[in-house]
Every structure is written in structure tokens, then in C-alpha cells.
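Naming follows writing order (A, B, C and D), and every chain is counted from residue 1.
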Amino acid sequence: MVKVEFLGPIGKEPMEIEAKTLADVAARLKEDPEVAKWLEQSAVAVNDTMVKSLDIPLKEGDRVSLLPPVCGG
Amino acid sequence: MVKVEFLGPIGKEPMEIEAKTLADVAARLKEDPEVAKWLEQSAVAVNDTMVKSLDIPLKEGDRVSLLPPVCGG
Amino acid sequence: MLKIYPGPLPVSELLSEWYGAHYDENYGAMVNFVGTIRDEGGIDALSFDIYLPVLQKWFDGWKAKLESKGALLMMAHSEGDVPVHTSSFACAIFSPKRRVALEMLDAFVEDFKANAPIWKYDVREGKRIYAADRSTPMDGSGLLAGDG
Amino acid sequence: MLKIYPGPLPVSELLSEWYGAHYDENYGAMVNFVGTIRDEGGIDALSFDIYLPVLQKWFDGWKAKLESKGALLMMAHSEGDVPVHTSSFACAIFSPKRRVALEMLDAFVEDFKANAPIWKYDVREGKRIYAADRSTPMDGSGLLAGDG
């Protein structure tokens, strides 16, 4: 199981899902309409490191974070 | 008569000279070896306004200032 | 050094503290940027969420980049509500060279706007509304939307 | 506002005063540049001559340029001796827009270095030596050297 967190304005409680790669996470999240609408505009971190590839392997206990559009300052 | 001032490191007392234009001032200053060496690197103000042309007419009492290379900050 | 404050930043104290901590370390230039909440669109305040673990890594990356140029970086940001005409963001760069200070201030502030994990909300009549129209997708956004 | 100080600038007080005077006037960004004397080449201090009438006109030109962009400009500079590790130059720009603030800070500081009528001297063992090697001829230099 990996934990998926939704940061900032997504405002959704974390989910626990079965996933071996980020591609598995993507497939699962697309099924949830509330989350799916954020996917196009969100960046992704695994264990708080920003990632750019779906091939990232995931292991038990990993945390995947979705970061929607930002505006600091 | 116009007054010619030498600013910053030139360190020379002001001179009073006869001059109808800046070209007259230039001719006069080139005769003074102590000043001549600064001319290539100095900018010029007439009555505290920076000028870019030798054709500027001068009148009695005008002040011409020589500004050598600067370094503020 | 990255500091997070609940509510508005004490700007004068921060600038004085940063200058006082480093003025005698032979940096020829200090530059600062301070962001202050503008009174526009009828808001009472802006409010900020921060995801600190990623913000800290982002900041540490910039700090290391500046250190490689002989320069220092420090920054403060607010979390929660920041009323109009108070400040939510401040930073300082100390550098031996003025070109490094000026160029890195510009680059740092622009990357901050684009990639620091901070979310902004308008506060109107006690309600918090995500500032979607002023927000920017971070580098690498859309990864999970692809056909993977 | 252009202020000349005999000796080192009170940097923290200046930054605090500038921020305090304008934080509530709806400028979204304040940027600062502070120049501090580096300990190098065995100097005890730098020393500055200023020709204020031309400096004031140069400053007023920049102030008007920034006002046309909705921005404010203020600056302070030292005259006379400024020991190493104290500061001789500080400025602030307030702007509604951060791009204006960042771009104008860079342009203003570079033009300051090239065209503000200020002369720098090294101070060593009580002697004042013109910093010719670090000085720049102002725009239009050489006018009186031509064949006119």
C-alpha cells in the first residue's frame, strides 16, 4: 500500500492504494472524478521529492503527494 | 568670462576663462598639461546639466564642470 | 535560512536581523525582495498553505546554488491569514559581487512564484477562496494525467 | 528621496524607515540594494566625493522614470570616509508589480555605477588614493578631448 496525499486546495483526505509504480497511481486516481480534474495541473512528489517520470517504482509505505498550481509571495 | 570647475580627483582650483562655446573651453584646457590628461575620460556639465555637444553657446557667468571617471556604491 | 511565520512578517526586524548577521562577512552587496498584500478585488486578506518538506528542499537547492557562487540566501514566508498592507514574503541575498546579487534575486523570486509549494487564497467575509486564476502549475505538472 | 550621510549609512534604520513610510500605499513589492565596503587590498576605508547638483538631477530623472511606471525610488549615499564592513549605498524601489521592481533595481544600480557623479578613494594609513582602476568614464566623456 502507498499513501496518496492531496495538498493545498484539493482539500481531500489522504487515500491508501495498491500501486507498484506511479502509473498505477495515475490509473487509480483517474477513476475518482473529484481528483481527476486536478491531475492535468498537478505536480507530483514521492516521499517529498519532486518526480518527473511515471516509471518510478513504489514500495510499501511510500507517500505520493499531489501539488496543485501554486502562488506564493 | 566662464568659470571652469574640476570635480573629484582632478583636484585643481577653478579657472575663469574667456569662451563663447565649449569648443573654446576645450582649446584652452588642452594647453594645460595638468588638465589635458583628464579630458579624454571626463564628462562635462554646463550649469550642472550634462552636455554632449561642443556647440553649446556659453554666456557670461556660466559654469562648466569636468567630471572624471566615477565609482559610487 | 528559511523561516515560516503564522500571519504577517515582521519585515523591519527581519531585514535588520539579516543585515546585522552578515554585514561584517565581506559581502559587498545585499539585495532584498519584500512582498506585501495589495488591497484589490475587495479582499480582507490573503491566506497561505505551505507544504514545508518540499518547500525546504526547494529552498535548500537554491541555497546550494547561491553558495556555489559565494553568496548567501535567506527567506521568510507567512502561513495562514495575512491582512492587506502587511507582508507575506521576504528574502535576502548577500554576495561579494553585485551582478550575482541582482541576477540571482530576479531568478530566485521568479522560480519562487513558479515552483515554491505555497497555495494562495483570497479571504472575503471570513471565507477562504483558492486563487486559481493567479496560480501557476509547478514544473512537471500533468504527470498523472498522461496515458502512462 | 535622496539623502547624503557623512560617513557610514544607518542601514537598518533606513530600510525600516522606507518600509514604514510606504508599506500601506498598495505597492506589492519592495526591493533593496545595499552596498557594503569589502575588506580587500589592505584598505582601512573607502572615501567618497559627491557632486550633489548633478547627482540630484540624475536621481530626479530616475525618480520620474519610475513614477511613470507607478513606482517609488529612494536612495542614500555616504560622503567622506566609510570604514570596511560598513555601508555606503542603499536604495529602495516600491512597485505595484514585481517585474518592474526587479528590472528597475538592476537598471538603476548599473546606471548608478556608471553615471552617478561620485568619486571613490582608497584610504590607507590616513592617505586618500583615487580608485582610478575601478572607476568608469561617465556617458559622454571625452567631449573636450575631440578636435571640436
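Simple rule for what comes next: a contact is a pair of C-beta atoms (placed from the backbone, for glycine too) under 8 Å apart; a residue touches a chain by one contact, two chains touch by 3 or more.
Please read all numbers here as calculations on a predicted model, not as lab measurements.
Once chain C is left out of the assembly, the remaining chains are joined by touching only within these groups: A | B, D. Centres computed as Cα averages put chain B at a distance of 49 Å from chain C. For this pair, chain A with chain C, the centres built from the Cα atoms lie 24 Å apart.
One simple way to say how far apart two chains are is to compare their mean CA positions; for chain A and chain B this gives 71 Å. Shared interface positions of chain B, i.e. residues touching 2 or more other chains, are given as 73.
Across the assembly, chain C contributes 35, 98, 109, 113 as residues in contact with two or more other chains. Inter-chain contacts, as defined above, occur between A-C, B-D, C-D. Across the complex, chain D is touched by residues 11-12, 15-16, 19-20, 23-24, 26-40, 85-87, 96, 98, 101-103, 105-106, 109, 113 of chain C. Only residues 7-9, 22-23, 25-27, 29-30, 39-45, 48-54, 65-73 of chain A touch chain C when the two sit together in their complex.
Residues 35, 48-49, 51, 53-54, 57, 77, 88-89, 109, 112-121, 130-132, 134-146, 148 of chain D touch chain B in their complex.
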